[in-house]
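What follows is subunit A paired twice: with subunit B in the first complex and subunit C in the second.
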Partner chain A sequence: MDARGWSRCCSHSRMNVSGQPGVELSEVDGLKRVMCVEDDADIRLVLEFSLARLGGYEVCVCASGLEALERAPAFAPELVLLDVMMPGMTGPQTLERLRELPVMQGVPVVFLTAKAMQRDMEDILQHGATGVIVKPFDPVTLPKDILVYWEHGRGR
Partner chain B sequence: MTQPGDDEAAARFAAIEQQFVAGLPRRLQEIDAAPDAQARYAALHRLAGAAGAFGHARLGELARQAMGTDAAADATLQVLREEISRLVDARPG
Partner chain C sequence: MPPPGHALSGETPLRVLVADDIAASREEIGVLVRQFGHSVLLATGGRDALDVAAREEPDVVLLDLLMPDLDGFEVARELRRRVTDRWLPVVVTSSLQGDEHFIEALSCGADDCLARPVTPALLEAKLRHYQRVLGLQSRAAALAQRQQAIIDHIGDAIVTVDAAGRITEFNRAAAALFNAGPDDALTGALLVERLGIDPRRLPETTEAVVRDGAGNELTMTVSAATWQLNRQPYTTLALHDLTQERQLQRMKDEFLGAVSHELRTPLTSIRGAVGLLDSGVVGALPAAAKELVEVAGRNSERLSRLIDDVLDITKLEAGVTLHLQTAQLADLVAEAVAAIDGYAKGAGVRVEVSSLAAGEVQVDIDRFLQIMANLLSNAVKHSSSGQVVTISSRGSPEGWMVAVSDQGPGIDPRFRSRLFEKFAQADSSDRRALGGTGLGLYISRALVERMGGRILVESEPGKGSTFTVLLPARGPRAQWLLCVARDRQRLDQLGMAGAPRPGRDGDRPAGRRGPGGAARPGAGDRCRSAGPGPGRRVLPRAPVHRPYRGARG
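Up next, the complex of A and B:
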């Protein structure tokens, strides 16, 4: 997607992501704080751009599972997007540790994974995730896509 | 209808995208220098995921196809190199 292509997308996204012109998703739907855990620096930038700039969420971006464990208590995420394949602590291992934190009880966690690993989805979900978003994700629709998981997963 | 701030968002995304393209040779170096098949797979996996998020579908698909360990994957890696060169050469400025 070049800059002109993005510009075309973005001209619509401000209207369509929330369904209401000029109104951000966080103002409409109640979801405020989203934590993203992703080891790839470029993907972290896209996640932050998509969720903070387009979605209007308060976003905490972490480069590793360990960083997520350190920052989760203070940030108190309402939804977590968690990469599956990370060096050191993997996504499932991070989820297991996050669930030990009081602040993470009942918080939906959605795994981010590549298309090549779709066959492993059932196995991934058995680790207690609310859902799976397949990479590559669309940065324009992601702010709205995550609401489905938040609505279905919160409080469980 | 253009919304206020759209130009700023487009410029910001374009800057992030250019940063991604500028980093492609480093990613290729990481793939070539991978000490084992697992490290090479991980580097290709990261490239596949990132390329798609920036709308570079062909690059992402090539990275995905190159994740294998057979001769076809090696051949795809050569095509991936050419695609990276093309994208880097096409950078503005």
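Up next, the complex of A and C:
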């Protein structure tokens, strides 16, 4: 998948990062394309501001698991943030389908969840996620925080 | 409550049937019986004796052996045949010489004999003897009846089986479980065929899937007690259905999960939007606007902590399951200190570790760290910039001690009694200033108690406070002492080298900085965020990231 592919499908998500107080690009260190799957429109907006505008990543924001499956091949994400509780296809179900895509092999997937029950966490992680980010997350540190998962889960 | 059958033991008068065809001797014995405090029923012959006995149900029968219509032998035999639901003592009387007729009477079913003429003292003694035996007997019968009533009204099924696993007894709940029809012969049936469980293969208490008479599979707790009767072993099983409890628990969990999700989702947007505004990513804010955005950010953080705490309390009060693990105490303390480090530095407070005892403890690690985070963050929160919080630990034969001390202002004595209550804070302005939820110490105490321990607190305004926690150490039998001390005196008393630090009441820190710079765990936290959250687990290959809970309690 060439770079033009993802920029075409996600161009609306790219924001100008110049002059913004964000993460230093040296820290980003290679991670460029982040896909977010979240059914809540307001949270999608927060994610987009945080990761694209503040963090300077190329961001592809999807409102459902289905949309993520459609767009992942063209976007070729290097990291996916995936909401757990979504109507229709849940996060774990989406992950299962995403993993079938050649472009998703070895790509770390981090769940976003508002549920903090221990059993929930364990259940979630059974599904082969690299980690979990608990809502409410901090949009200011999120661009840096996801690097931990990217480094941790890369290539596994 | 008096024991059942009490009224029948001891002094309850007997109703004595006196059967004799000769009026004079009938009267003579009747007078004596009345003299001894009992009541008398008279029968004029053998047939009359049977009629009166059937009608009046006497306690004892005094029977003349020689009666024209039906002699005493026949009456004794007939009474024995007719009265089967209780013991009716029959005493035969006769003036005949020799023992043969008495032996004959006893073989006919009489219980005792008395020679005529009757010796009054002997008659009195015999009646007293029957009075006592009958009293004991009815007491035993009442006890058995009471026990049967209890067993029958217990909701749990109770079944007794013999050594071969055949049913010998069962209560109503068990009959319902067997789904037995009125003609269904349960006694003697094999339990394994009825419920699918073999009592001989069960441990004392276990959870088992039981197949009831209707074919449903039920998860039940099965408790087995083995006992002996006439050297034959029997096993009594109590079966408690867990299906409904499980279902309620599941519904409760689902509800809590939904509440958690529904509250946190909008909060995520609010918190995120405010945080981004404050960060300046959409442009610098005027000073007044920034101030307002900070208010919103601070309070959305506080709301987030309140949601966490309230959900935590709901779980605790419903009975949380602890995951006990063996860990090095020193590692746990180090982790607790590492977790609080960022917050302490932000407040200009130094956290020191002194006299750290080596040794293993068995605790729920996440919950332990949650307790430590609560107590440590309280200590930091109530310290001024430049002050020091000290943590130390010590082992003893009974367990372990950990002490945290600070140099804060101490706890107002008037507040001490409410310190561990929900939403207890010294004053509301304090709460606003420090951003706590008022639930931290309540949760800490609940957790400590859940682990079989307790928290104590000592404090002197202006000098410091001491929190002492007693917890089970290695396994449930041993105990260990966790002490969060806030003043040197207390540390000295405890024989611990520790720096002096006064203290204050309790809650955890306001989340570090404003919305724009909320605390996040350092890299070292990524595999286990040290700040305890309700669901924090050690997941080395799957990090859980909680930026807002990272270093708080």
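Operating definition for what follows: the second predicted complex is superposed on the first by the 123 of 156 C-alpha atoms of A that agree within 3 Å, B and C clash if a C-alpha of one lies under 4 Å from a C-alpha of the other, contacts with A are read in each partner's own complex, and residues count from 1 in each chain.
The rule is short, and it goes like this: a contact is a pair of C-beta atoms (placed from the backbone, for glycine too) under 8 Å apart; a residue touches a chain by one contact, two chains touch by 3 or more.
Note that the coordinates shown come from a computational prediction; the quantities given were computed from them, not determined experimentally.
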Check your understanding: A:H152 contacts which: subunit B (first), subunit C (second), both, neither?
Key -> second
Practice item. Look at A:K135 in the shared chain and tell me whether it touches subunit B only, subunit C only, both, or neither; answer first, second, both or neither. Key: both
Point to revise | More subunit A residues in contact - subunit B or subunit C | key: C
Review point. Does subunit B (first) or subunit C (second) touch A:D42, or do both, or does neither?
Key: both
Exercise for review: Quick one: classify A:M121 as touching subunit B (first), subunit C (second), both or neither.
Suggested key: second
Practice item. Could you tell me if A:P87 is touching subunit B, subunit C, both of them or neither one (first, second, both, neither)? Key: first
Revision key, fill the gap. The shared contact residues of subunit A with subunit B and subunit C are 21-22, 40, 42-43, 45-46, 49, 53-54, 85, 114-116, 135-137, 139
Exercise for review: Would you pull the subunit A residues touching subunit C in the complex into a rising list?
Suggested key: 20-22, 40, 42-43, 45-47, 49-50, 53-54, 85, 110, 114-122, 125, 129-142, 144-145, 148-149, 152
Study note, to complete from the structure: Per the touch rule above, subunit B residues touching subunit A in the complex are 1-7, 9-14, 16-17, 19-20, 23, 42, 45-46, 48-57, 60, 64, 67
**Study point:** In the complex, subunit C residues that touch subunit A
**Key:** 253, 256-257, 260-261, 263-273, 275-276, 278-282, 300, 304, 308, 311, 315, 515-518, 520, 523, 526, 533-537, 539, 542-549
Practice item. Name, in rising order, each residue of subunit A that touches subunit B in their complex. Key: 1-3, 5-7, 10-11, 14-15, 21-22, 39-40, 42-43, 45-46, 49, 53-54, 85, 87, 112, 114-116, 135-137, 139
